[in-house]
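Some notes on the structure that comes next.
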């Protein structure tokens, strides 16, 4: 079965594409460092999203061409970005006022584990090493909708969607929606509710790859990604 | 005796002059609405003070000529002011961060009553009517040195320097120095300590006009104001 | 995205009876007179108004009060050169007043915008304004706990606005305006000039567009101080 | 009043062993590299450093750590492209680390500057960072009490400075710099250009001069990112 999953599962680009389809025109959006940043590539036609980065920029654009970087203009991942017309710059306290004050519409983040009541673990593997939290705890407690993009299972085949997280938490009951490599799952009333799944996997198979009870939404749609993504 | 006092006592201009002599070059100073504003006129030679107003200006200058007012540029008393080179503008939360955060050196305010432990009553006569506090409570709790300019006694001859205030308080134990129409008095360890008095009044006379014990400083100097002030 | 509204009355027509409305300005400086007058025209009543003052003369907030639209006002300093409108209603018990020290008012509004439900301040310790508030000691000093302040709407006055809602303010007209823009569910700004996105240097934006919902251009806004010297009233 | 100092080393020579030092910047953006290198030259040690990060490569904060001048670091994110310097000392137990969520770090610093000894935030509720902190419920939601953060010194990087200490910042190099300027007893700023008082429009001042003690002009400041790509180290 894990082999079948490896063949069927969505790539990170495809997960990012699916997450991007729920963005809306004029939404203020913060994308986590790394994989979530890919979501920016797949904004739907006619949907102009305003991107926020914790270090104090609202309305930034794509990365500059190599050699064109201005290292005063970076994102939370310390990558060079560009400023778009309508952009604004502010200090860190104002930036986190936007986050904590509930002014951002969507945060899309990565995850180690998500529990059925929406707890998120994404900042520490709990194995010693160097802890580093950054803005994750602020984002999950402040942004109106917190969405996760993630593989459905770990590299070793273990569940990432679980009854309760075993790793140090980033936030409690904070996740609203999960875009995985196999499905779209909402968290409603402390339950995982399946909204979409890729066509060639059964609910039973999906359940077997999920560490907590999957509840079925009113209708479970097929999660289909366009060719070329 | 009250007649003698009426003759001898300093005018408000003279009190303001005396208060201004303790300002130092580079001091950040907030002057209360009304009488305390007169202090600005008497800055000592070579002493450049930076004036702050609660509504968000640091480094303002004198009033503009009549007809030259810009009503976007006013002080806390809603009077038109002018901007000096080196001035800065900021919002109210930043302005009160300067105050509350202990960044201002001196606030000079008016008073109804001051108690020997430094309690100040200057915002409400307690008689009903319309209460209005403005920034006074923030100033007395935030500025490094809180000084008062005031007549030594009320118009009816009653004490303004008292054992404990009868009017609603602005702040507790907040006053450092009092410039009155008769004397300069510091508050030290819960006591009124006389530092200066006008020459033609005895300590006993001054005591009789003060509602709490006056302690004598190491030396009590003559409070003499130059001619023409 | 374009946040520019077509006219003042339409912009404020979303404000319903009983709403809480933060109104920018300190006295007349930064007061969005045209938005306030549109709010009078809209007919909304039973409002809670949050402003530093309680109006002056017979225009702006004073006019809103005079038209009996304000049930309650939260402010630091209701005194003014001509506070008759407020005073009469207050002394008759027809308007409720909550006095908040000015810095605490500013910080409570900022806290509302910044998602800080409560904070501690030394301001007001041992005074009447401390009644009913929790006191705590930090490093041996007494502080009061103060709660955030939010509102349904903010009416603010800007100098420049761009189409995506970025704002600048003119001189000390800034005062409460940027704070209130953050603390209201819906922020409506009048601006002396509306420019295209990209025409305000990002370093010079004071209020980022995320805090602003609707902008209306008011080319030559009135100053309360000037109107009062002319003896103006609204509506007249 | 003129706050312009003559050189970097003299400016930082006031910083004594054991001092707490806020250092502006987010990664390399806004990092006052020249002031940090002067601090290395000054010899000060046993420092507590407050910064978002814990250095990258072998310049700036990483160099200060490599020279064993930092006893303790308060930051949100000690990971970087090349965090070897910090990691080795940390894993050997030779540097103390306090991890603070980034927004809480920013707000604690602001609170330090604003005279707010404590505030409540939802950030960190139910996590390891909540250990030892008071929890309170407001309007049915859980919050943690966080304390202000102050420091003896702040080293910050500005773009323009005027002689009375007003500062502007270039683009996202602003980040923590204006907050730290408020929260330190003594703030030392390097600026790419020092101009006369009056040459910065008062509306465009980001840090008012009241928060700044000493300014040193550093005409073409180095960028940490560029230095690291060149394989630079300090002192070398």
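For reference, chains read A, B, C and D in written order, and residue numbers begin at 1 within each chain.
Convention: a residue touches a chain if its C-beta (ideal position, glycine included) is under 8 Å from a C-beta of that chain, and two chains touch if they have at least 3 such contacts.
A quick map from chain label to UniProt name: A, B = 3-oxoadipate CoA-transferase beta subunit; C, D = 3-oxoadipate CoA-transferase alpha subunit.
The structure displayed is predicted, hence computed values, not measured ones.
Path length between subunit A and subunit B in the touching-chain graph (shortest route): 2. Where touching is counted per the definition, the chains common to subunit B and subunit D are C. In whole angstrom, the spacing between the mean C-alpha positions of subunit A and subunit D is 30. Subunit C has its Cα centroid 37 Å from the Cα centroid of subunit A. In subunit A, the residues touching two or more other chains are 57, 83, 89-90, 93, 96, 99-100, 142. In subunit C, the positions touching at least two other chains are 107, 110, 114-116, 121-122, 170-171, 174, 202-203.
If the chains shown are joined wherever they touch, the resulting network has some other arrangement, not a path, ring, star or complete graph. Pairwise chain contacts present here: A-C, A-D, B-C, B-D, C-D [touch as defined]. Residue ranges on subunit C touching subunit D, taken from their complex, read 107, 111, 114-122, 136, 138-139, 141, 143, 147, 168-171, 174, 202-204. Those residues of subunit C that touch subunit B in the shared complex are 26-30, 52, 76-81, 83, 86-87, 90-91, 97, 99-107, 109-110, 121-129, 142, 170-179, 206, 223-226.
For subunit A in complex with subunit D, the residues that touch the partner chain are 53-57, 69-74, 78, 83, 89-93, 95-96, 99-100, 119, 124, 130-138, 141-142, 168-172. Interface residues of subunit C facing subunit A in the complex, by the touch rule stated above, are 1, 110, 112-116, 162-164, 166, 182, 196-198, 202-203, 205, 208-211.
Contact residues of subunit A toward subunit C in the complex are 25-26, 28, 48, 50, 52, 57-59, 83-90, 93-94, 96-104, 142.
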